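Consider the two complexes below, in which chain A is the common component and chain B and chain C are the respective partners.
Right after this comes the complex of A and B.
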């Protein structure tokens, strides 16, 4: 088993090396094949860990100086490795076609081709790491490789700007995580020999001996770092900039795999290493989740930029996952282990299903961007006819993200709702308050997400093309459609037979919660769900069988269609073809009696979102402007009207802009102080010496 | 309920489906009739919507010029979601087929699927009206949806299950639950949602075709012939379904708990009586209020959401 894991990581490094070394013609396919092989090997290793329930451990002292490399892949990490591997295969496959067109993203460049496998490998390595040093090395590799992938678009100012935000946020987060782990490692080492210093096993074993204040401090630091990677509000500001600006396979990996690892870090540190901790930790996590879910959903509903919309939807979904993680942690602290396991399984299900549909959506959005040259919904339209396969795949992803049956998002949202419903039976006022906030956030995001994705699909793919570029767009190539389709498959499979994922996620949740105190829920961790093809909560009548629902829906559609056909035939209007739209006469749409209907008369994404924007004006704070210029001859006739509507991130404006302004002032001051004059520096040195002497005396 | 054979429960589902297909349009006709009478007109007969549907079914199919396959597909999806919900929900009996999957949240998301399909069809026409209707409908849906979900959750917490037959049976077993504060709060929230989801005054006016005010009619403006019939049938089935759920969740008495023919007949009669009473009440509200401005609608919908959240809180505080 350990051989497969090592093979996976080794192949990933080989893919990166081949991407960097081979000639331009062969590098992209060779790197892609090697990356796919790396993902498959890691997938096999993780699947066997989940099947057997026991962890893989690999120790190698030679690879990193001083600390060596320790890999421990347990069922919790395995779920994340599998998710990453599937997204990684799809993104690498997609990249073969995507990088063929220069102009967007990395193209066939040496750097981009080498960095993508490196990014995938680091994403596989983070959840397999078994010690602080290995974890941080993999984490940093992940941050740097994704940063440089983002910078492959350095000729655009937006990408440079996004990279700057991302670099600062990710490194501030990494510093916080480093501090947290150093604190834990140092305090846990007291009871241990130096051999196990810094390994997760040593921290886990010594955690109970760490003073509670240090544990809380470490958790808060780790939470700050991991929540920023996961994109939780208010640490999300980099995400809606970096995810849209990155090349689309990288966006898919960022949203489908990298944000997961932020959640992984929170679960690993809080639940597993620190054994549950205190109630307020988890209330903070759930609170962050509720705020992120609402904020993300609102911005997604308002955004007219396709990829930015998807990025904000990631913030929304990470929020839902964090609500589940927080509820689970709080229930575990109070000793309700079965309820905690149910909530954590729901959170993990949401996370896995989000990886599938968001990866699929980002890849489809990349095909759209490449075909039409823009990701601005206001300039798209009518793409269903021009990119039918991409449109269908985007549709599957969109239905899934809206939690509509029988797609995967519905199964995960149902599980989350069940987790909340059961959690209320814990009879704790504090937990009930947190759950209520979670329920309210989940309910509000549901409708907003539907609005956002009706907009994305309806404006982008339906109607008439709004620009000549959209009108002349063509279907993406085989590898791009194939890569996207690969991620649409889990949307359907997890939606129709969600039961297949439950035993695996239950093992992961069991691993995470194994250290939490046993209380009212009993000693052994009983499975909170029955083994079924659908989802069934143990000990209740609450069951869903999405496959049956799908069959009923299909039968309903077929029956209604047959009735129309038979009635038409009886009236002697037998259509020739079998297509849904076949046999119908085409007629001009009603235009209020106007003679000409142009595509410009259609609703745009901005106008679609306008009512919601107006309802939630206090949160979104849009920046609106109407410029009217009059004709020179007469003030009574307008020459041109220019309407300007822009929605900035309120958190960015309120919290980060003052910070950047202050940092800029400090920089100005430093520049004035350091003007390069040698005399001045000598003066500074003299002044410092005098001050030092005065202080010491 | 558990002793019922699959064949019998499948029969129950078929009866419920039939009840939804005929009952929905009849309720629609009844509401139009009550409105007409209240306004001093004779009004069309109650069965008029059924006759209209039959007439539309035989007409020629016409699609808007720039529309795609989504336009003809959406009515089929609306019908399928409404029919599936009608077949699995406890309308005349607590033991329909697929009763295991009859989860309250499933019904909520099935209804959402239907709304999303119609909104996409509106955008598919590539005209200003379709987009306008879709935008307004999704805005209202985005606010009605949470109220519905939380109100349903409040009922589920009280019953300890989100299984609809389970909720109905628990009310039958504990009649006092029907008048607990959380039930009443959830009832008000659900009534508000029903007005929004079925597009009645004061939220929307089903009989308007004035450009400035129409919401649902704007989305389906390009439909004609059999497809218009299907969309209308789907809408009336949703109306019937929501009224039946309102009736059975809060006043479940009369619903069949066994599969005897007499019990089912009684259940059908009780359902007809209860939904007709609610329909008349809604029509009277409709006649006596004016339609709200579009941007006032979110206010009553958020009131519905707050009431639903209060229902959950009340349920937790007062066990």
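Right after this comes the complex of A and C.
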């Protein structure tokens, strides 16, 4: 089993090397094939870990100096490896077609082709890491490779700007994580020999001996670092910039795999390494989740940019996962073992399901962007006829993210809701209040998400094309459609038979919670969910059979169609009111009787979102402006009206802008002191010497 | 302090059970059941070049005094919601196409109500230079309401023949 894992990582590195070394014609397909092989090998290793329930351990002292490399793949990490591997296969496959275009994000550049496999490999390595040094090395590799992939679009100012934000946020986060692990490693080392220093096993063993204050400090630091990677508000500001600007396979990997690892870090540190900790930790996590869910959903509903909408939707979904993780942690602290596991399983299910549908949506959005040359919804429209396969796949993703049966989003959000509602039986006022807030956040988020994706699909794919570019768009190639379709499959499978994933996720949740009071003694967790075709919760009669639900849905649609057809025929035979009404009549779309109708008279993304934007004006704070220019002859006639609507991130404006302004001021000040004059620098040296002599004398 | 005696309450109580003060109107002319819309007719009003005299009368027909709504007639905001079109005015050149599009947008079966002399091809503005052919969609309206302008009572009466109430 360890051979498969090592083979996977090795193939990934080989893919990166071939992407960098081979000639331009062959490098993309060879790198893609090797990356797919790497993902499959890692998938096999992780699947066997999940099936057997025991971890793989690989120790190699030679690879990294001083610390060596320690890989430990346990069931918790295996879930993340499998998710990453599936998204990685789809993204690499997709990239073969995507990089063939000369348009946005395309091109077979040496750097991009080499970095994509490296990024996938690092994403596989992070959840397999078994020591602090290995983890941080993989983490940093992941951050840097994705940063440079983002910078392959360096000719655009937006991409450079996004990369700057991403670089600062990810490194600040990495610094926080490093501090947290150093604190933990140093305090846990006590009785350990130097060999075990910094391994997760050593920290786990020594965690109970660490003073509570240090543990809380370490958790808060780790939470800050991991939450910034996961994109939780208020540390999300890089995400809606970087995800849209990255090439689409990279966006899919970022949203479908990288943000997951932020959640992985929180679960690994809080639940597993620190063994549960204190109630307030988890209330903070759940609070961050609730704020992220609402904030993300709101911005997604208001955004007219397709990929930015998807990025904000990622913030929203990560928020939902974090509410589940927080609820699970809080229940575990209070010793409710089954309830905690149920909430964690629900959170992991939501995470896996999000990876599938968001990866699918980002890849479909990439096809749209390449076909139409833009991702501005107000310039798209009518793509259903021009890109039928991509539109259908985007539709599957959109239905899934809206949590409609029979897609995976429905199963995961149903499970999440059940997890929250079951938590009330913990009989704790604090937890019950938090769960109530979680249920409310889930409900409001669901509505806003539906609005966002009705907009994305309705404006982008239905109606008439709004620009010539959208009108002349053509279907994406086989590899792009195939890569997208590969991620639509789990959306359907997990939606129809969620029962297959639940026992595997239960093993992962059991591993995570084994260190906490809830899991202590029992070790492995007895499945709180009966894994049958449907989802059933032990000890209750609540069963849901998504497959039956899908069958009922199909039957209902067929019945409605039959009734409409039969009634239409009946009407045709006996027209009411004496007028001939033979069946249906096709009429022009109603446009208030105007003589000429143009695509400009359709709803736009901006106008569709306007009512919501108005309701939530205090949160979104849009910057609206109407410029009217008049004809030269008379002020009574308008020449042009220009409506300008821009929504900036309120967190960015309120929190980060003062910080950047302050940093800029500090830079200005430093520039005055450091003006390049050698004489002045010598003067500084002299002044320092004099001051030191005066002070010390 | 006001003392409310039981005897004062009596007429109030009785009014709850007695017949209404208004008389029941006789059944409208035309076939029983009106135009076959089940007693409720939703109309889209189109001003096809009216002097607004008819509009005032329509507004008053749907006002509190005549209250055409109590007979099941209603003015709606879109032809997609309508069973028919209520047209006023001479049908000017500018309004000929929009009127045609509005009629096209109403699902079948539909009714056309021509309100006022202008819409019936006569009246003071008939034959003016801005008037489109009078042989348009209004050549054979389902209901014609003559008058310049027709009064609210006439409009209400005509709408009742459609609703059958």
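Keep in mind that, in the parts below, the second predicted complex is superposed on the first by the 656 of 697 C-alpha atoms of A that agree within 3 Å, B and C clash if a C-alpha of one lies under 4 Å from a C-alpha of the other, contacts with A are read in each partner's own complex, and residues count from 1 in each chain.
Assume contacts are C-beta pairs under 8 Å (C-beta built on N, C-alpha and C of every residue); 3 or more make two chains touch, one makes a residue touch a chain.
Worth saying up front: this structure is predicted, and the values here are computed from it rather than measured.
*Asks:* Regarding the shared-chain residue A:663, is it in contact with chain B (first), chain C (second), both, or neither?
*Replies:* Neither chain B nor chain C is touched by A:663.
*Asks:* Under the stated touch criterion, which partner chain does A:61 make contact with: chain B (first), chain C (second), both, or neither?
*Replies:* Once the two structures are laid over each other on A, A:61 reaches no partner at all.
*Asks:* Is A:688 contacted by the first partner chain B, the second partner chain C, both or neither?
*Replies:* So A:688 meets neither chain B nor chain C here.
*Asks:* Contacts for A:439 in the overlay, against chain B (first) and chain C (second): which applies, first, second, both or neither?
*Replies:* In the superposed model, A:439 contacts chain B only, not chain C.
*Asks:* Thinking of the overlay built on chain A, is A:587 touched by chain B (first), by chain C (second), by both, or by neither?
*Replies:* both
*Asks:* For A:599, select first, second, both or neither according to whether it touches chain B, chain C, the two together, or no partner.
*Replies:* First partner only, chain B.
*Asks:* Just checking: does A:673 make contact with chain B only, chain C only, both, or neither of them? Give me first, second, both or neither.
*Replies:* Touch partners of A:673: none, neither chain B nor chain C.
*Asks:* Once chain A of both complexes is superposed, is A:619 in touch with chain B (first), chain C (second), both, or neither?
*Replies:* Neither partner.
*Asks:* Between chain C and chain B, which one touches more residues of chain A when both complexes sit on the common chain A?
*Replies:* Counting residues of chain A touched by each partner, the higher count goes to B.
*Asks:* Return first, second, both or neither, reflecting whether A:186 touches chain B, chain C, both chains, or no partner chain.
*Replies:* neither
*Asks:* Please write out, lowest number first, the residues of chain A touched by both chain B and chain C across the two complexes.
*Replies:* 575, 579-581, 585, 587-588, 590-592
*Asks:* Give every residue of chain B touching chain A within the complex, in rising order.
*Replies:* Going by the criterion above, the answer is residues 57-58, 60-73, 75-77, 79-81, 83-84, 87-88, 98, 100-101, 103, 105-106, 109-110, 112-113, 115-116, 119-120, 122-132, 134-136, 138-139, 141-147, 149-150, 153, 156-157, 160-163, 166, 211, 221-222, 226-227, 230, 294-295, 298, 305, 309, 312-313, 316.
*Asks:* Where on chain A is chain B touching in the complex?
*Replies:* Contacts found on chain A: 301, 381-382, 384-385, 399, 402-405, 410, 413-414, 417-418, 420-421, 424-425, 432, 436, 439-440, 442-444, 446-448, 450-451, 454-455, 457-459, 462-464, 534, 540-545, 548-549, 552-557, 559-561, 563-564, 567-568, 570-571, 573, 575, 579-581, 583-592, 597, 599, 601-603, 607-612, 614-615.
*Asks:* Show me the residue ranges of chain C that touch chain A in the complex, using the header's touch definition.
*Replies:* Within the complex, chain C contacts chain A at residues 35-37, 46, 78-80, 97-99, 101-102, 104-105, 107-111.
*Asks:* Along chain A, where are the residues that touch chain C in the complex?
*Replies:* For chain A paired with chain C, touching residues are 575-581, 585, 587-588, 590-595.
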